[in-house]
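Below you'll find the structures, each written out as structure tokens.
Same chain, two partners: chain A is paired with chain B first, then with chain C.
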Partner chain A sequence: MRRAITVIVSLAICAGLLSGCWSQKELTDLAFIVAIGLDKTEDGKYLVTFQVVNPGNVAGATQRGGGAAGVPVSIYTSTGDTLVEASRKASEKLSRLPYYAHTNLIVVGEEVAREGLSGVLDAMERGNQLRPTAHLVIARTYLAKDVLTVLTPIDKISANQIIKTIEFSSKNWGETVHVDIWGAIHCLATAGRNLVITGVTVEGDLKRGKRQENVQSSVPDARIKLEGLALFKNDRLVDWVDGPSSRGVLWLLDCIRQTNLTVSWKGKKEAINYQVVRAKTDVKAKVKDGRPVISVHIQAEGDVIETRVPIDLSDASMLFQLEKEIKKNLKQEVEEAIETAQRDKTDVFGFGEAVHRTDPRLWKKIESKWHDRYFPELDVTVTADMYIRRTGLRNKPYTPRG
Partner chain B sequence: MIGEMGSAQTDKGGEIQLERIKINARQMFVLIVLFEHGSAIVIPLGTSAKQDVWIAILLGLALGLLVFSVYGRLFRYYPDQPLIVYMQRIVGAPLGKLLGIVYVTYFLYIAARVLRDFGELLLTFAYPETPLFVLNAIMALVVMYGAYKGLEVLARTGELFLTLLYVLALSGFVLVLVSGIVDLSQLQPVLEEGWNRVWKTVFTETLYVPFGEMIVFTMLFPYTNNPAKVNRAAIAGMVFTGVNLAVIAAINMAVLGPDAASRSAFPLLDTIRRVQVAHFFERLDVFFMIALIIGGFFKISIFFYAGLVGAAHLFGISRHQRIVYPLGLLVLLLSVAIASNYAEHIYEGLKIVTFYLHIPLQIIIPVLLLVIAAIRRRFGQSTK
Partner chain C sequence: MLFQWGMSRQKKRMDVKQEGPDHSGEASDVPQEPLSAELAVNIDIIRQKTGESNDVVIRRFALGQEWQIKAAIIFVDGLVDEKNVYEFVLTPLLQASFPLALEEKERFQWIEKKLAAVGGVKHISDWRKLFFELFSGATVMLIDGVPFAISASTKGGEYRSIEEPQTQIAVRGPREGFTESLRTNTAMIRRRIRNPNLWLETMQIGTVTQTDVAIMYIKGIANNEIIEEVKARLRRIDIDGVLESGYIEQLIEDQTFTTFPTTYHTERPDIVAANLLEGRVAVFVEGTPFVLVAPALFIQFFQAVEDYYARFDISTALRFLRVLIFFISLVAPAIYIAATTFHQEMIPTQLVIAIAAQREAVPFPGFVEALVMEVTFEILREAGVRLPRAVGQAVSIVGALVIGQAAVEAGFVSSAMVIVVSITAIASFATPSFAIAISARLIRFGLMFLAAMFGFYGIMMGILVMTIHLCSLRSFGVPYMSPLAPFIPTNMGDTLFRLPTWMFRERPRLINQKNIVRQSGDQKPEPPAPSRQEKGGGS
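Take a look at the complex of A and B:
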């Protein structure tokens, strides 16, 4: 008898404890938020945009032959003095419980970035749903809300489109950089390094970009495009860099995987194209006469993949000459980037960190004045080794003989 | 000699016989490893030393071994008795009993503290809507059940779980390395603020938790079947754990950087959350959960069991099973009542418990006991 009671009681306890129903949430009750956009309203509140997946229109799309009936994502906006307030207030419009564990993209509006990021990131780092590996981008020219409303063709959820674009573009071209919440907070909290974040903007007609027709055309009316790098000083956006100098910044951050450098040859501009396959940047700090100096060494190897001039690439001495040209080109890019950052008085390269590691005592003394006084006058020597390893399937380019 | 332990009651008058259980040196090693890892891998251990945290842990280990040599020597003097019993023989019955009560309270209190840690961690990061009491009660039930079954069962469970924990730890370690988030330069500059900061961390944190907590094993050593090997097993366990903890702390620091690591409530969790390998191995929070639950269980269980056996000895209760539930309930209620929020709990742990409990009970009293015992031994009156 006693044994029977014990068994029944323990079974009952197990049933209660093991089912794990305490705060269960049904899948159909959750709104999966894939991206969050942050802007400011005119009265200084946060305008938070949530990009919510429409599950039926994403998962079912292939079965229905690609022509899904509705849009893959829905946009909800809400305002509040803090992010969490706005997020809770969004429940007035949203029929499901917002769920942030799948949020992978944070778009910060340029205005918010110019006013300062520090008030924004705390909630993201503190909460237990949002992952610290979520990507961070800055909406350039347009509002973060605008960027998130544009529908995209290939990857249906535009947040994924942006993330994948960053990923592949930074691997192949190297003018964009992947920054996650972690990295951003790390930079903000480190005295010797300021933040760089990729910009994202809209190309085309924004109004038509949010309609389903946008993705039904082979040339969408509006596209999302990555553009430039935002340089931050402390937590405020101070400047944008574009083109080659943004790649220069990323060379210095050792973020370049593959990229292309076009060099001129015998007076013809943009004549030969060199593709970097592997690259590594070392930043070292030294102290000379009580002042820090930085030396940067960039090492890369790659192939020649396109020539538009007659050049005998089977001749090794030619390749050595070409390597010199490439080196010159690279140094120019990098030095431009350094100049820009020095003009903006913001050390986005982490040179201060290098000084900190080399001479902690000196760093203690100059830490507070680093970005404003020491960094702009810093001596940086850039050296590079660019190796050409191969030249593709041809030694010499063909010569047109009419 | 070993076989006599079970029948110790008859020739010691009022003293209580020990549970008739024997665990071998390997099992003792396993228990020590699990116990020492316990909460130390999940809490921010020694992060006030910033990037030198690993040095602080290794120094804590070195000094911890020194402190342990005191316990080891005491055990060699009284190989068949737990701390609470031989204490009475060293300083006499009235004072010994009083000290015994203090130690039993200490063990139970620390068990409650670790239980609270455990509940707080789960609550903060996985179960925000569940009341603390419920989580703690579930854990406490398991702990009580384990203690009811006794040390032997705990030790065997430990052997199983250590394997699991280690497989997890190794795969986690590999994933962290492979995902490329380890930046060893974040461990530089070494000794940025000199040795002071490191020593301060050692003497306020890492020496006592987890290494000084080995005091609890003075209650369990008599249960081994090979007393000669116990000291070696214990030292091996401590060194093994110390090196592990130092590596984990260094990795945390190298992944998170000194700033984030020292601001984090659970650095290991943050490290694991950053792992992303091939868009497939990511969001490995469950690794952390398993480590937390296994480690937490053994740490609470061992403190609780030591308190239990101690109380049985002190109050002449023949079977420790009889007080498992009352004391378990006490620990559970205490764990909820000791602090009204997490910050208060941590503050008490770092500022009050360290100075008013750890230092006297882990170091001062054992050293005094050893001195008195040695003196008595020299003058030939150690046993009466």
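Take a look at the complex of A and C:
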């Protein structure tokens, strides 16, 4: 008995000491990679950019020394035939173990996006560190590497700046959309829906944006800016949409939560501002004479928040008229988006999925030719209900008297 | 009857003692022969046996009309109330005329009558009993020509007065705490439970110290098996001295090799009274304000006395808080170690960067850092507890500076670590029972090692082992984790939850099996009936 206990205890101690601290890694031995950028080199290899946090220079480290004296992030690049190769090769330059669990942003260069995303996403989904909830954006005009090098003033780590911008902009303005790795893979694997990803670009002087002075000035020399939506066909980028029609895309994707619509009133352009506070889009498919037909119904509630023309908002008939005007405006936006997508022959709205749900058998037949043949000629009827709920604290706007 | 039990116990142990090895330091010393008839011989023996200690006062005097009968009273200075001795023992004897013609037996009765004002008069014929009575505070009287002694109870002397308890302080509730005097302590319970069924049995434990130990229970409520078990365990004790109830606790608990306490101790009479009403047994020990209560359950250590005085919703919330506190004091440093050395992905990005930033300048691995800080804290706490109050404050100032500021500024530790240590410390102070807080303190270090080796996996294994161990424990035959495991639904009202008082219909099942109903079931307070209200509203 005693012998057995001795054996068991010594085995337990050995097991502990020999295997102990397995996969242990100290915080000071890790390089926290917060963003990855993907570009192509001229010889067709991947150019991978890593944005590594320099913890000593981030806020919170102010307890010792002068605090955030240096730059908060550091950029490392490496090349390789595959993503994994490039990331392993980066260890030639990095003094710490690259750690991807906190990577929240993937910036894909436009060139890589035009060649196809599918090869890229696999490595990201497969690895156990990188999270599939990481945000995906497309670098527009500039390289992904350039976007990641720009220092940003408020959120010191530019990856955070981009992520937060996407989140708040998609909530308040609605021309950008949050797509993560999972969502992108889901779209790629679905026949009746193509991918839409927000674009990101640099505004200003790129060379000076890399320097610390960039964040020390109230007007930075270079800023990161979200711009447009990239429309994909299968896994390739085919076109960009900007402005109102990019919002039209997001109306159809039911991604709008709050936004502003400006309508003209009695000949004056952009006279009244309507703020959407709640919106819902229903996409329904029907089959008519063996051909699919889509009807989209958009419902929104909101407030009038600005008028630049004299209008009596206590008059209900005025409000009805205004609602009609807003409706017209919205329909125009949405129809523009549909036209663009039909021209590019890519169904980014998921109309195909709606058809699939309505008539799976028909879908089986037309699935392979959906994007190229059926979608461009698809009949889409857009209807909308826009309600004005509140008109602010004033009914009759003031009229300036000279 | 009770007294008899105590006596028989004493006799029995004496028999055993004579057979076994001698460790009492007494058996050979005390003369076996009966008292001598000659006063001088007896006094000589007493002097010799007590080493002529000068606190043993021997006062000679003479009785009878002609002062022809020599006598002496012997008492221990400080253990007796001297005023009593002179006023009620010596004076009546001196003033009376002692009839010489009386037989031995009648002499005793005569003296007993004279001493009626004192009470507790006993007839002593052997030395062992004489010394026991003497050192219990009695006054012993010897008379020349009489081969026995007479003792009269004159207990007195200085004791600490009743004060507010130092531990288990309550905002609401009685302010008195037990003292070192067993009699005062039992009286406090008597005052709370005025019932002849509150039974008290006294015995002496400690072959040298002969300490009074009393067990108290409510006959008819307490489970006989548990009473017998407690008695049997107390009877088994054969130790030279009992100086605190901790001696008894460690000799009667079910399991020595556990960090968890399986008996409950308290300084508060209201807690003891409440436990007696639930059917538990209390053990009082002379010379300590800490009274043992058995059997003890795990959940009991999370129940503060105030829970029953405050309203139920607050008490319930506080109980949940206490379990959380216990858990924090158990695992907080372990979680810090595991999360920063194994599972960095589980910390939010902003936070992990902030922690990494603080750790940049720290030269030690996370585990060493945590261990150093925890040990430092334990040192400070130990120093603060043991030192005189005036010095203790100085220690806490130094500690606050060393732990809080200087160590961080010097870059030895990160400020996140300081936060973790402080929260652990505060949590362990906030646990209502010191006994369970101490066990959490020990287990915490084990969990820290496991976390350093296996991360969260190790912590989970540790907690699992701890839970299994807890479920295997018993206190006087009652499963330690009941009523959680085994699960007893009817008793759940007073575990983590504290239901309204009118819902406590039953006593805890496993502690008390026969007399389980404690109150009638329809006591929910309600506003007066509407008709009465209407009448009242009219005026």
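One rule holds for everything that comes next: the second predicted complex is superposed on the first by the 376 of 402 C-alpha atoms of A that agree within 3 Å, B and C clash if a C-alpha of one lies under 4 Å from a C-alpha of the other, contacts with A are read in each partner's own complex, and residues count from 1 in each chain.
In this section, contacts are C-beta pairs under 8 Å (C-beta built on N, C-alpha and C of every residue); 3 or more make two chains touch, one makes a residue touch a chain.
Small disclaimer: the values here were computed from a predicted structure and weren't measured.
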Fit or clash between chain C and chain B when superposed on chain A: fit
Residue contacts on chain A - larger count, chain B or chain C: C
Touching partner for A:S23 - first (chain B), second (chain C), both, neither: both
Where the C-alpha centre of chain A sits as vertex, the angle toward chain B and chain C in the overlay (nearest 10 degrees): 50
Chain B versus chain C as contact partner of A:Y142, first or second or both or neither: neither
Touching partner for A:R357 - first (chain B), second (chain C), both, neither: first
Chain B versus chain C as contact partner of A:V53, first or second or both or neither: second
First, second, both or neither for A:T190, with chain B first and chain C second: first
Least Cα gap, in Å, left between chain B and chain C after the two complexes are fitted on chain A: 6
Intersection of chain A interface sets (partners chain B, chain C): 22-23, 131
Contacting residues of chain C [partner chain A, same complex]: 340-342, 344-345, 349, 352-362, 365-366, 408-409, 411, 415, 452-455
Chain B-touching residues of chain A, taken from the complex the two chains share: 17, 22-23, 128, 131-133, 182, 185-186, 189-190, 353, 356-358, 360
Residues on chain B engaged by chain A in the complex (per definition of touch): 124-130, 134, 138, 185, 188-189, 192-193, 256-257, 259-260, 270, 273-274, 276, 282-283
Complex contacts: residues of chain A adjacent to chain C: 16, 20-28, 30, 32, 34, 53, 55-56, 58, 60-61, 63-64, 99, 101-102, 104, 129, 131, 157, 160
